[in-house]
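You will see two complexes here that share subunit A, one where it goes with subunit B and one where it goes with subunit C.
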Partner chain A sequence: MTVNAPAADTGTETPHLVETVPDRVAEVRRSRSHARRRGHLVLGGLLVAWLLAMVVRTLLGDFTITVPDFWRIVLGTGEVPGGAEFILLDSKLPRAVVGTLAGVALGASGATFQLMARNPLASPDVLGLTMGASAAAVFTLVILGGSGAAVTLAALVGSALVAVALLTLSASRPGSAPTRMILVGIALSAMLTSVVHWVLLRADIYRAHEAMVWLTGSLNGVTWRQIGLLGVVVALALPLLLATARELHLVELGDDLAAGVGAPPGIVRARALLLVVLLVAATTSVCGPIAFVAFLSGPIARRLLGGRASIGAAALVGAVIVVLADHAGAYAVPEVNLPVGVVTGVVGAPFLLWLLTRERSSS
Partner chain B sequence: MTTSVLRAERLSLGYGEQTIVHDLDLTVPEGKVTAIVGPNGCGKSTLLRGLSRLLRPKDGRVMLGDRDVHRMPTKQVARSMALLPQHPVVPEGITVGELVARGRHPHHGLLRQWTREDDEVVAEALELTATTHLVSREVTELSGGQRQRVWIAMVLAQRTDLLLLDEPTSFLDIAHQVEVLDLVRDLSVDRGTTVVMVLHDLAMAARYADHLVAMRGGRVIAEGNPREVVTAETVCDVFGITCRVLWQEATGDLSVIPLGRHRPVGHVLGTAGTPRIAPELEVIR
Partner chain C sequence: MSTTTTSTPPTRGVLVGRRRTWWPLAVGLGAVVLAAAVSVAVGSRTLSPGEVVGGVEAVLRGVSTDPAGAVVAARVDRTIIGMVVGLAVAMSGAAMQGLTRNPLADPGILGVNAGAALAVVLGIQLLGIGSAGAFVWFALLGGIVAAVVVYAVSAAAPGGPAPLTMALAGAALTAGGVSVTAGLLVSDRSALDTFRFWQVGSVAGRPVDLVLDVLPLLVVSLLVVALSGPVLNATALGDDLERALGQRVHLSRAIVALGAVGLAACAVALAGPVGFVGLVVPHLVRLVTGPDYRRILLGSAIVGPVLVLLTDTLGRIVMPPSEIQVGIMTAVLGAPGLIWLVRRTAVR
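Right after this comes the complex of A and B.
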């Protein structure tokens, strides 16, 4: 009996231990997949919202195109009367596609900056990247008389120079990189704004007007070739940016922690900045600096996700904003075709204020 | 388990022109708890940053086993040693489970994605830090003590033989301090983890560390068994204060009583010729 007792004890103990451990593992798994579910739901919802925005942009307006007509035109399977084909292929569809690409590029760039700087209000437009692209592009357009590829290249060089300045000027002291990055960016942005003004003052009135229209940000008159260029850049840079998201989420926890867990913040930032430069420069050279989209997409995506930052969700938010803003600009005021940048500026500023007040009351 | 002794050789560290740690030699005893103590600004956190390769040495080197940490691939270092810095940023909208899972980063790559083993490691890290019940809570909702345990769980999920903690008990109340330090001891005793921590509190350091490193002005003043290091003289050398050090033979308890310019409140001057100490306490040195 006394010999049997301990044996019986271990007999009941051992299976108990084996049982509890997988149980806890299952709990961890359940918790993780539960946390992800909201993310998937939001992404799905945003995808639906984007599809609806595309339908609105391509089919509705002054001239309504039916769904069967849409497919007939796009697939070339039949004749559609009354200039519908021209309106769809030369205006509505290219604008919807470029709006999507620009929105995705700007939204993803903004969310990336917010993660990098650990500040929900950082973005390539606040930190001078967009201004760098604009200043170089306007300079090329007005002073050098260049166009097309030259302007794109200039935009790329302009924003790349700003990115290099951001990295070198903010990395001089440990621990303070994000704050310094924001201050350096604001200063650069102000300097570049004066460069743009100087260029515009030197230009003759016709060219200055042309440059001004471009500077408001517009999807008007975008060619399929330009769309192809932007499409290639987005297709290359966006997946790479999404791949760095995991490391950016470690930088979010602080530079020292990120370095300790194997994501050196300097390298992660440089890599992400390079991709953002490509996206911002390509977008700006095609449609000009569209106000507030990069700035707002991140915070809106965060709000939808309950506070968590997501580059993918911000990209979709950006696409929805640009496509809908372009539609509103084209049709909200009869007889007036407002550039998309005017609409995002007008709607964006109050929305930002609203976000700020909400942010304060919730924390 | 590979032998991965952490060693500083003639290490000088600093920021810009300023040198904070001077020509320092240190060998971290393997499988033991080492505590670095010293006054504010003595370079103890800087030393920890240097050891964990966050700071490139101005001179000398940090060796992990027979390799220079600054010449090792980042992720390989992160698989050998984990660091909990003083002020990690609490991310918004992230659950405890997800945060701890981020500690698995150095074990992942393009070809090596999340597996069941990762879930097991995360579950174990949560269990060790007694935070399993918090797994689905958002990190922002937690109290200070809970947060600190969750951060420790995250670095534990790195599954390293070496753990560097920068003031793991600051801003915690006494109960949570004890809880965190007990956990550190458990890790060292049960799993043979080598721990290096910077601590503010000398008594806590002496109680929980096998090996004490006392620093001042970027140099090691004394090093060794707490029992030998914590003396009135060393405390005076390191912190610049006069104090009484009491060791209780039977229990090994230590108290360091700082003697400032004031007497204890209510103490009558005339009777203070010799301090009255309870008979079971013995003053060493």
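Right after this comes the complex of A and C.
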């Protein structure tokens, strides 16, 4: 067509083109507003889905709590018989809240990494950041006998070290050569996994069991104090991350272009990396490395939005995943309380395999 | 391919490329003997050469009162198991690298170890199997399933089976297996106590009779893989050329793949997952032998045991009086090897 097109054809097409420029502009505007409307719809839908997940998690299960009872307990306006208050305030509500916070943090950090590396496979869990946090935390917990703030700090240092090692060893910026970075991440994960196994061997069996449950990723036994800590981190880091999203999209278009419009790529990436490390470390130190949530949320949000990446949507997807997976883990198998990480791991691994058959992973 | 090469048939010299020299083989065999001697002598209680000889004598005569003899007996067991595991894992890795034309193939990275380990855990937990003779068949089954899944996924990926896709599929399988295992063990503390020692590869405290349990599968797989050099060499040329040379591509490759997985399964049943040996050894060997897979397989069979024995010995003396299991040592020392490979080769 392009080669063999007769001259007469091009003659008629040129005026046609000129005529339709305003139409084209209108078309672009229409499709843009369409995409924006779809974005708003998806965000609204995800919010509703998250609320429903919260309702399911807090009110249903082995012990059903009615809506009036829920408000009575939470607002403290009346007595509710039968231990409902204990179950709600000490088990269901904290788990739902921490699940939301963890999901938001993991989903947002996963989507940020995938956006930075321009590769859906480059998420903090695949790259070993979560493994770095958990190896350092377990080491501190079991070998050094630390607790609380020391563990959080160790998780932070661990995942920061992995991030630095990733960048230096793959000799690449987060934007370039994701293949090499992913492979280096796999190597680092394998190494850290064996460190964790070694720590588990050195502990007595009760501590090892505790550490194993935590390593799987569990929302069980999370205290309101820890929830407050995680809440503060998410409340501080998430808005900053969402604010960098615009600049990250610019960086995605190309380094030179981004620098030209006032988004120096190095600074943008460093800031995003720092925030991701903070979110991942805080989440991991509270509820362990919940498998695949950081990896899953980005691609799911992208598919919902019809191909556009959105950190906000990914954060909401993460929250829905974690809250629902926790509910499924607690009640799907009778008599057995599965940690949330088992559920996300069993669901996430096939999804990663499926995604591998769909997306071009090498670049 | 230019017309000049098709008109003149390739001579043997072109394919083989270098003179046959036997000194690397002699050096390698000497290294195996030396590594075995070191593995018997060195540890939390290091023995003098005289004590080693006396201990070996005591073991052979069946005298159990000699203190050095007891130490030697335990160390001889783990040395034998370490040699078998090193041999199996290294040859399995070499065959996998040749079959998949993937420099990053290794029973650990491709998820075969994880599949084998998961199958064994399922067998213990759900069916109550207890002997290593049964472990090995479960390990084989799990390893085959994992290998098929990883290969099918990476073959279905756009752009064909790339090293990255395979590594990621293996990592996904490993992570999924860990989750299932955790789900099974989370409410069973005593099973966890067994499993946490089993999930790291270790040659310590394993009775040498285990080798007899896995012997049938070990011998068959070893024969298949040892004779697979020509198939792997043809595979390296690419599908079309291989078919043109008259190889029955799919059948022979499937048999070799089965042998490679069988070797990995034997190693898992003997010692648990020992990672990275299968990755690193063939690359080290290749530096000396060049690209001929017959030589790479032979070299891997020599270097693999040496590497496993030396890392095991290192693990004994690095943190006395406790020791670090060989699976942990190989992961900590081998991961930098993977990073080196990734940086060195231009992986797509």
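Heads up, the rule we're going with is that the second predicted complex is superposed on the first by the 301 of 363 C-alpha atoms of A that agree within 3 Å, B and C clash if a C-alpha of one lies under 4 Å from a C-alpha of the other, contacts with A are read in each partner's own complex, and residues count from 1 in each chain.
We adopt the following convention: a residue touches a chain if its C-beta (ideal position, glycine included) is under 8 Å from a C-beta of that chain, and two chains touch if they have at least 3 such contacts.
Values in this document were obtained by computation on a predicted structure and should not be read as measured data.
Undergrad: Examine A:R302 and indicate which partner it touches, taking first as subunit B and second as subunit C; both and neither are also allowed.
TA: A:R302: touches subunit B, not subunit C.
Undergrad: Is A:G254 touching anything from subunit B or subunit C once the two structures are fitted on A? First, second, both or neither.
TA: A:G254 contacts subunit B only, not subunit C.
Undergrad: Which holds for A:P350: it touches subunit B only (first), subunit C only (second), both, or neither?
TA: The answer is second: A:P350 touches subunit C but not subunit B.
Undergrad: Is A:V28 in contact with subunit B, with subunit C, with both, or with neither (first, second, both, neither)?
TA: Only subunit B is touched by A:V28; subunit C is not.
Undergrad: Is the number of subunit A residues in contact higher for subunit B or for subunit C?
TA: When the residues of subunit A touched by each partner are counted, C comes out ahead.
Undergrad: With the two structures laid over each other on chain A, which partner does A:A263 touch: subunit B (first), subunit C (second), both, or neither?
TA: A:A263 contacts subunit B only, not subunit C.
Undergrad: Across the two complexes, find the residues of subunit A that touch subunit B and also touch subunit C.
TA: Of subunit A, no residue contacts subunit B in one complex and subunit C in the other.
Undergrad: Write out the stretch or stretches of subunit A touching subunit C in their complex.
TA: Spelled out, the residues of subunit A in touch with subunit C are 121, 126, 169-171, 179-180, 182-184, 186-191, 193-195, 197-198, 200-202, 205-206, 208-209, 212-213, 215-216, 291-292, 336-339, 341-342, 344-346, 348-350, 352-353, 356-362.
Undergrad: With touch defined as at the start, can you tell me which subunit B residues reach subunit A in the complex?
TA: Going through subunit B, the ones touching subunit A are 15-16, 49, 52-55, 74-75, 77-79, 81-85, 87-89, 91-95, 97-99, 101-103, 105-106, 108, 116, 119-120, 122-123, 126-127, 132, 135-136, 138, 140, 154-155, 158, 164.
Undergrad: Along subunit A, where are the residues that touch subunit B in the complex?
TA: 21, 24-25, 27-29, 31-32, 34-35, 118, 173-174, 246-247, 249-250, 252-254, 256-257, 259-264, 302, 305-309
Undergrad: Looking at the complex, which residues from subunit C come into contact with subunit A?
TA: 104, 108-109, 149, 153-154, 156-159, 162-165, 167-169, 171-173, 175-176, 178-180, 182-183, 185-187, 189, 192-193, 196-197, 199-200, 275-276, 322, 324-325, 327-328, 331-332, 335-336, 338-339, 342-343, 347-348
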